[in-house]
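Same chain, two partners: chain A is paired with chain B first, then with chain C.
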Partner chain A sequence: MSDGRAGSNSGLTKLSLAVPGRNTARPLTRNSSHHPSGWKDPIKKYRNPLLPPSGSRDREEGGERAHGPAMQFFGGSSVAEIAPSPAAPPGTATGLARNNGNMLYIFNRSGVCLLYREWHRPLHTLDAQQDQKLMFGLLFSLRSFTVKMDPTSVDKGNLGVPLLPGQGCSFHSFRTNTYKLSFMECPSGIKIILVTHPKTGDMREPLRYIYNIYVEYVIKNPLYVPGSPIKCELFVTNLDQYVKTLV
Partner chain B sequence: MAPLAPKTGDPLFANVERVNAELFTLTYGAIVRQLLADLEEVEEVNKQLDLMGYNIGVRLIDEFLAKSNVSRCVDFKETADIIAKVGFKMFLGVTATVTNWNAEGTTCSLVLEDNPLVDFVELPDTCQGLHYCNILSGVLRGALEMVSMKTEITWVRDMLHGDDAYELQAKLVKQVPEEYPYKDDD
Partner chain C sequence: MAAIYSLFIVNKSGGLIFYKDYGSAGRMETNDSLRLASLWHSMHAISQQLSPTVGCNGIDLLQADTFDLHCFQSLTGTKFFVVCEPGAQHMEGLLKVIYELYTDYVLKNPFYEMEMPIRCELFDLNLSQAIQKDRVSLFGR
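Up next, the complex of A and B:
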């Protein structure tokens, strides 16, 4: 493979030899229908045509399925190339090496999205503003609904009566087969939403920690105007570092 | 399980970063002194202190909620208790007592026996109308507004005017629930 390259690329050639598996990985991951073991992937038939052809076929945690040959060539490095992830180095965290979303939203009480951070998102359907409005609306309604359906609470207003943040029971996450959304709302109206891979555990403590980071770097920043989108570099850096350890 | 919210502020007070009390007192004194020099009218200074306190309160509430992990208070009585025991302790290092509840439970008094802001302070005759600690009323107002309570906070007793304690009267005007901010047709 490397001999076929021109002499001027000899530096590159040496480099590509030094990364094991890179040359072998590439042809196989691009061709979505090719499996070396001839095993037919039943999920492939129903693959969402909107998704870009990505290297990772199975969405579940690798260890559970006996899928030995596939795990070898889905090394992770080619998947990370497809998804532009500003802060994460490719393949370090298992959560990022798959087709899993990893995003964070912070809203304040009036629905202004203070921060939207995306570390991995395979599918973008709406533009950013619509997406944020949708997310806020979803959580607003979901919270209202969960409070009204609370079987242990004595006093239930009618559905549609606006709630105070923190009143009633607090809903903290929902999980689908492709992602888990964890949510935290503070009595001051700040809502923190973290989308991660579906096997994530209870995220309440990490969300509290993120709230603490927010207080330290954003609230205490005298140049930040409360209620406006967050532009503090330090906050974003610290947040990225912390979320990397979670995923 | 999240840890239970503390009922007193002592463990929190031990955990937050603290600054030298004298530095704090003297800095505050310098601010008030400068405001008096700039604005000259005592009423203006009072208003300005209240506004500064409001801006502080709006940010302070998040720090308070993050560090103290209290959940939403059920009613104003509980709110006043938390402010007096946890809030004041956490930020000023002193506890206040809550007294003088009115019949509906919407007005109460917070009494401070000692107040770190006023160490070494005497008001001169030219500034007798000055509420030296007016920043505190602004802080409370701002913080409570961010948790959906509109309040009015006024000073009832002030040691610098010759009374025996500091007394703030907190009146709950209304609770403002959150409304869905986007219009349906948007």
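Up next, the complex of A and C:
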């Protein structure tokens, strides 16, 4: 499977160039992906799928974010709201230049690490596989911890019972003196974990943006087998580019 | 509306030595508070392992959907953590004050055995005063 990946990316390009919603004149845009004319367009074209499909409704829904899990997870359209330009949250005043990303993990619901990216990590305490397992374990336990700790709900269930995505009180970040970890879980159980400099701002929107490019370049890739490690070049380059802009 | 929901003090081996609730919804069972304390102890340790750079001291702040958890670890490994409303300010300062009270009224108490649950009247008294003061100052703003 893995050696066929290089070819898969070009297939992905074709598809993402012709995402429905952009070409409103043509109802069957997916078929137009076989049209060779659009293939060699400049990179600007790739960004188009990430534009909000129909602006006004999305803006209304996505205006307020802290509405609890349902809003955060299922307001899929609000993801698009932040999409137009991969702008980092402004004015976080870290006094730092760009390149604040340390590493990124993507797990599926069964704990398989689909992607591990590393940009700045001088310290390795464990080998890669152990490290990923430990990370998943930490998130799993922190999730049950926050559900049980939740001071606003009366019935919290038992500690350690497996939780469905979005069930109970979740967490979105924690901070230590050397790093900040931001966490997002989507309804399908995909977990995106971004580790950045401790002084970076709120990473919830960047995470949603990353989820957005994941959907565009990985899920919409016809050659991607769900549950297998991500080897989509387009996704990784876009991800790298975006993470560089985070402040 | 309470700014602070609860306070935990965990000894260096992960045992809960002090727990006080300041008005969270629902009742936390004793066993559950013990479990949560030791769970936090291990999460704290694991977070150090996962650090991308050297010199990590564990989690300072956990931001959940409905609460923030601020944690302070003393040099001897005793952990103090408060569960408060999201976005509550000056919790680091409060934790330092609580640590000070702990050193003054618990550690200097000749009848207190190290790493054992805290049962010191003066500590309770001063702690509730400190929390009260903190609440007043929060309301004052």
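Details
The definition used in the following text is that the second predicted complex is superposed on the first by the 145 of 247 C-alpha atoms of A that agree within 3 Å, B and C clash if a C-alpha of one lies under 4 Å from a C-alpha of the other, contacts with A are read in each partner's own complex, and residues count from 1 in each chain.
Heads up, the rule we're going with is that contacts are C-beta pairs under 8 Å (C-beta built on N, C-alpha and C of every residue); 3 or more make two chains touch, one makes a residue touch a chain.
Predicted model, so just to flag it, every value in this text is computed and none were measured.
Of the two partner chains placed around the shared chain by superposition, chain B and chain C are both touched by A:Gly137. In the superposed model, A:Gln129 makes contact with neither chain B nor chain C. When both complexes are overlaid on chain A, the residue A:Met149 reaches chain C alone and has no touch with chain B.
Contacts of A:Phe174 after superposition on the shared chain: chain C is touched, whereas chain B is not.
When chain A is checked against chain B and against chain C, the one touching more of its residues turns out to be C. Chain A uses residues 137, 170 to touch chain B in one structure and chain C in the other. Chain B meets chain A in the complex at residues 2, 58-59, 61-63, 65-67, 69-73, 146-148, 175, 177-182, 186.
Interface residues of chain A, counted against chain C in their complex, comprise 66, 68-69, 102-103, 120-123, 125-126, 131, 134-135, 137-138, 141-142, 144-146, 148-156, 159, 169-179, 181, 195. Interface of chain A with chain B (complex): residues 109-111, 133, 136-137, 140, 161-167, 170, 186-190, 204-205, 208, 211-212, 214-215, 219-220, 226. Residues of chain C touching chain A in their complex: 5-6, 24-26, 32, 35-36, 39-40, 42-43, 46-67, 69, 83.
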